[in-house]
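Structures for review follow.
Paired with chain B in one complex and with chain C in the other, chain A is shared by the two complexes that follow.
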Partner chain A sequence: MPEPGDNTHYAEPDPRVTGAIRYAQDVELPDMLYACVVRSPYAHARVLRVDTSALPADVVALTPDDVRSLGLYGCQIKDQQVLAVERALYIGDPVAAVAAATPRAAREAAELIEVDYEELPAVFDAVEAIQPGAPLLHEDLAISDNDAAYFGMRPEPQRNVCHHFRIRHGDVEQGFAEAEVIVEGTYRTPSAQHVPMEPHACLAHWTPEGRLEVWTGTQTPFNLRMDLAGIFGLPQEHIRIIAPPMGGAFGAKTFVRYEAIVACLARKAGRPVKLVLRRDEEWLTLNRHPATIHVKLGAKRDGTLVAKQVTCWVNTGAYADCGPGVAQKMGFASPGPYRIPHVWVDSYCIYTNLPSNGAFRGYGATQAVWASERTMDLLAERLGLDPLELRLKNVLVDGDRYCTGEVMHDVHFADCLKAVAEQIGWQGGRRGKGLAVLLKGMQTPSRASIVVEANEDGSYTVHCATAEMGQGAWRAIRMLAAEQLGVPVERVHFPVPDTDIVPYDTRTTSSRSTYMMGRALVEAVRQLKENGELGYGECVNEGGLDPDTGQGIASTHWHQGAAAAEVRVDEETGKLEVVHLHTAIYAGRVVNPPAAQLQNEGSMIMGLGSALFEEITFSEGQVTNANLSDYNIPAADDLPRLTYELIERPGAEIHGLGETALPPVPAAIGNALFSLGIHVRDLPLTPERVLEASERRRAAPV
Partner chain B sequence: MAAMEIHFTLNGQPVTVQAEPDEMLLEVLRRELGLRSVRETCGLGICGACTALLNGQPISTCILLAPLAEGCEITTVEGLGGRHPVQRAFEEVQAFQCGYCTPGMILTIKALLEEQPEPDEETIRRALGGNLCRCGCYLKIIQAAQRAAALLAEERQRQPQPGPASIS
Partner chain C sequence: MARPIPAWLAPTSLEEALELRARYGEEAIVVAGGTFVGILINQGLLQPAALLALRRVRELAYLRVEDANAAGRPLLRIGAMTTHRALERSPLVQRGWPVLASTFALVASPRVRNQATVGGVLADADYASDPPALLHALGASVVARSPQGQRLIPVEELIVGHYETSLRPDELLTEIQVPGGLEGAVYRKFRSRSSEDRPCVAVAAVRREGRLRIAVGAVAERPQYFPEICALAAGQPTIEPELAREIGERYAAAIDPLSDARGSAHYRRRVIAVEVRRALEDLNRIIAARGGSQSHA
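Entry: the complex of A and B
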């Protein structure tokens, strides 16, 4: 009999190796139809007429007239309708949809819909979009009643700003007056695609009683249910969301994606309707926020940091989605894990005529760390200090206050930095080497709840809303339950989450699930042991920031990590080769070692892609690389020597670790380049950019 | 277009299916034969999520016209039975996260090890060039390939090499 926590013995082969696993895209119902979306070819256009007269009689069409009376939705700002009713706001904005008997019939039918547009001026760059006279995307910006709108939002409706987050800590003018050295610069990170191997897939069905049932690959079943309830004017209990395992998500499968469109089609058709996106449509669905970040950093000559001012222009695309949250988290990650007495941050979440940008593994931290940690190396160079020593001199330690005013505890930034420096051979010479450190918040406030039930056969069932996208959360929660119940993990079942059954959970994001559900489980198991039948537990983390000052509790629990890289450059061609990449992350207590290792390896590899080649390219708002031939993701042969350590501490809490290693990787590689005198400010580090920076250095006066 | 009949061997069993002449094998395997281990990601023959073995060689079923499978032997991971040494190696090493790319990885490694029973790491990495894993499990997938090579070698040792006369 295998022991709890032993994951090498299975009664049945793992469904992932037999192919038996059923993802969201595999769900089928009798008599279902297949959907296809009709999209705007214009970045900004008035929708004048949608003509479906050429469609065969057995095709169901959804047009703006069908959805005009439905509620607005949006997880943080209510700025979206089921289809673009008045104006299409990006190339790819859904303006109509069809449902037909086969996927092919649906694709062919979609071609037959004629739409007349009146093209309008468009804007694509976030800095330009807040200039006077820029085209305005949304007239009204109503804050959502979805509980994903969990913080005070500060929209500025007449200038394309859906949230302006601020940190006001100390007196930044006085700080810069005290500074003996000031460095500043502007850094850019591009849009990127999550590229989950399984595309977005959902299926909707209305019961004869008028309940809506949706099977969908989603990380956010309860947030999705809230928005669908608002759209259809239904009580939430009349909507059922079932969330099968996903073939990857990385933030892409959050909030309402296509569930509202298929639900409308299903209601009109009187039959279930399913949609599985074509690959190119993924780039029109949700991407990572491009960001422009200006950093000004002041220090004493001995390296003591005294003042930092950061401005983030965060491009959220046509609809806010969770962009305000991303801008806020980017804002409070941008000071970095340092003691700085005077901090001033403005982070603007800005509408443009690009596809919507939303949650993406790293959630604003990747952009912030790129700007912040590149700046630290610039400062080190100006001061003639070792970049590691500069960081260690200023890094937060237990009991320090962050610039949000909160006291930091269980702090391990210095441990992470020292570990990566040692593994990259920092003492043996810094040429071609760079490092970077990360602090990243976990969703705060949030609530997780869980039910554990004893079955008649002596096994147990966990009822839990946590979504499985490959991160191993279901297994980790089963292992924790098994450990507490004193049974082998095979005796703990974790059925596919169904909002009719599972208790509330905020969502599966921000690497919070194992930590939060693990805590909720303790009470649930205690209750079950008491009554022998059923136990319920919940975990609430409270906090939040004042949006006008950035003071409060940004995170009850901080993800902490560091990366170091060693690189080689061919200065004739600009080709950058990463020789060795090492990360050290604080893991608290690891629940499932193989899964934790995989999460960290995957995080590093995704960071490598962001550093070296991942970038969505646009031409006047049109994505020009919406396929896996032109948009490259790392393959096995792209990997450098890749090593890492998960730092544990006896008696520590569980720490989420799915996103910790990604954000510092690009900055570590950028700093390694900088150690060779090659200063690139924009990601990714393409040969063209490296060559250009290398020529700039050669041209510079000695 | 009129549908046509296609005959091939699937996981050791003869099958006859209806398909449009311009359909890809992937669509036919999923729709007509209910196989869910072949999966579309890129639709371009780049990512390998739709990998099947055609006469023992890994191919991308998303770009193979279904009629070209006529008379061929097609193997998918459903045909390996669940306890094949490559599958066992993947489980032992835990070389997967979401599992979407795993069947394609397993088939590519199976084909590699049949041609090269003791590949070095470089050879394994190159052989996986047509199989992408966005979860980033490559380090453990490479380990799984090495472990599978060892398991297959053990099996060969247990089963003495057949003499020339015993070829059937």
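Entry: the complex of A and C
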């Protein structure tokens, strides 16, 4: 019988290696057409006229008139139509689309569509976008009925704010009055691209009975179905989403991306229509939220934290997407895993004329940790304390209350910190070394359900909506099922999720799937063993925050981790070299060690890219580096010595680990620089910024 | 349709290639490895009527060394269609012109180097490529051929501006000639982002017959060379630290750097001073390590 963690029974050939795997972009249907999207060249413009008269007769075109009467959509705020009907809101906003016999014919046809625009004033910076007189992107901000709108939202319609999240805990004014030392500063994180190896791909088809069938690379099949139902005015069960494995997603393949456009084209064409994005279009589809975060932190002279005030300006781009959720998670991650009696947080999710920003591995935590953990080292320096000691003095332990009021349980922040400090040689001298700790919530509330079925041949089939995007979730769930059923993992099948068959699941995000499905599975297997045929199990986590006070249950299950870095700086050029990077994350119990290790390594490498050079650059709203020559991601030669540990405890619960190691990496590297007196507030840590900061240090009296 | 598929001209001999080049002139974009032209076409920046592909002109892929000529220098002849990878891995080049092998090994990634050609990278005249500055400092020349004949163009006269060369519309770049007789040569690639990125500042420094030649790449539209500054080191077997610093600072002052995603003009100026000085320090070490004797290359 296979043991979770034992990979010696990995007898199956890996379909990714053999080429047998069929990704979303490999799906084909007879007679299908290929789509191409026509995009706005203006950051903000009225769409006056879309002229398709030059198109060849065999090309199907979709124009604003075709979609005007369809429903608005948006997973949290209903602010989007299938095409930009009245106004285009960013450079790249789809204003029309075509379907033709080949991808090339579609591209060429798209160039024949003429669109007249009236250019309007645009705004790109989140802080500027909420100033009086800034161009207004959306008149009405209706809260979505999609279940991705799972928390109370507080849009401020006349000022480009789609959500204002608050934490009000204690009396922050009194707290700062009691503080003996106060440090503050503003920290910025730029936009970044997910760069999944497989671009967005989907295929839509209408059955003769009028059902819509969509094959798409998606992490959110049920949320997608809900929004498509709203757009087309169909009952959800008239829509079928099939979610093949993806060649990477990292948050980019969530909610409605191009499925609605392709479905409209397919309906008009009366044939299946498929779209696979070009690489450059990825930068126009979904990116990471740029954020500006102001932190003010007060402490007693002995290092006891007393008050913290944080303001986050979160740039969600032209459409809200899940930006309100990102702003909220950024807001409640920004106090950090510390006991602080007085906390005040304002996190604003703000529209600008940039491409939409959405879920990105780390989901707001990267930006929050950058600001928060850099501030901790500033405080340590001011107090003359060891940054590790300062953290350990204040860090949350079991039984403490977080600033949301919830009591923490199963928390291991101190263990993570001690582990990374030891591996980086903290006691041997702190020069050139830095560390950072992370607390990150898991989707709360949410629900996972699963069906396990016994087959005639003695094998079993798991029916489960969890998306496979390279993270190994299918394998992990199969291993857990095999363990509980007492069969080899090869005897447990996991077919491609199909919403006609699989039971409901919230979505494959926030590193929740192995944990939540693993729990749902226990009941499903118990039932199956009882009746010999079929079992159903579900796992629900309840909670949520009051949006006006931030009090309640932010997360039923915390992702916890720490990173430590050792760096060297070329003082003459500012070039930063990371010599050693170590992370320790709390895993509770690891199901599939090789996959878990690779997941963690991937997180660290993505964090390294964000720390050192990843940044989407814009010129008046135009992405200027939408290719992999101008937008760098880490290459093998960029990697430092990478080490890590996944902390397990006997009898512990599974803890999600898909994202945990990423957010603390930039902050650990920034703190390592700070140990050399080099204080950089903006990511990435380019040599130019490092040189500038190292000169500020020389200029300043120490 | 909006964009007709470009005609794909694929000659199999140099003679045929020259004839097609003369016939189509600028209407046909020459494709060598395609790593640059491919990007331009995919990005819609280039919509050529025809592509003149040289991949099948096998006679243009070669590496040969000619023995010492009258001036006492050997000469490396590189066929224009030689890939970066072939140059980097050639024992001939590694032995005689190690700086060439090690510099070409720094370009992009092995995937790119298996495609990109030596002739292509010079004809592109892209300011951010590695090889032009080094070949400039090495005093390399290229052979430009047309049906009318051929001429030899020094690299410093070949690249005249951003993506601009002095090649005539009926000429093909067929060969690169690199003279030997080097006392020492060094190439420093300063990257501000990924290791696979192009340089932010590139410095090539070469010493031959007592004369120093420094070319700085990736900072302006073409490699930057200032003979009067290099002349400060004339006749000095070892460049003293003070002089190295001075030459670095003078180069930084003489160059009007550009700004791009890899660094601002202000920052580049700072790095030029540092990297030129370091290149000279490296050069001193290389020459000293060879006991002051003239090396083959």
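Note that in this section the second predicted complex is superposed on the first by the 689 of 702 C-alpha atoms of A that agree within 3 Å, B and C clash if a C-alpha of one lies under 4 Å from a C-alpha of the other, contacts with A are read in each partner's own complex, and residues count from 1 in each chain.
Criterion: contacts are C-beta pairs under 8 Å (C-beta built on N, C-alpha and C of every residue); 3 or more make two chains touch, one makes a residue touch a chain.
Please read all numbers here as calculations on a predicted model, not as lab measurements.
K.L.:
Which partner chains sit in contact with A:686 here, chain B, chain C, both or neither? Use first/second/both/neither.
P.N.:
After superposition on chain A, A:686 lies in contact with chain C alone.
K.L.:
With both complexes superposed on chain A, which partner does A:627 reach: first (chain B), second (chain C), both or neither?
P.N.:
both
K.L.:
Check the contacts made with chain A and report whether chain B or chain C touches more of its residues.
P.N.:
In the superposed model, B touches more residues of chain A.
K.L.:
Regarding the shared-chain residue A:635, is it in contact with chain B (first), chain C (second), both, or neither?
P.N.:
In the superposed model, A:635 contacts both chain B and chain C.
K.L.:
Does the superposition put A:401 against chain B (first), chain C (second), both, or neither?
P.N.:
neither
K.L.:
Go through chain A and flag every residue that touches chain B in one model and chain C in the other.
P.N.:
After superposing on chain A, chain A residues 278, 627, 629, 633-635, 637 contact both chain B and chain C.
K.L.:
Quick check on the complex: what are the chain A residues that touch chain B?
P.N.:
Checking each residue of chain A against chain B gives 7-8, 10, 12-23, 25-26, 104, 194-199, 245-248, 250, 278-279, 469-472, 594-595, 597-599, 601-606, 627-629, 633-637, 639, 642.
K.L.:
Looking at the complex, which residues from chain C come into contact with chain A?
P.N.:
Going through chain C, the ones touching chain A are 1-3, 39, 42-43, 109, 190, 192-198, 200, 261, 263-264, 267, 270-271, 274-275.
K.L.:
Mind pulling up the chain B residues that touch chain A in the complex?
P.N.:
Per the touch definition, chain B meets chain A at residues 20, 35-37, 39-44, 46-47, 49, 76-78, 80, 82-83, 87, 90-94, 96-103, 106, 124-126, 128-129, 131-142.
K.L.:
Show which residues of chain A lie in contact with chain C when the two form their complex.
P.N.:
These residues of chain A touch chain C: 56, 105, 108, 111-112, 278, 280, 572-573, 575, 612-613, 617, 624-625, 627, 629-630, 632-635, 637-638, 686-688, 691.
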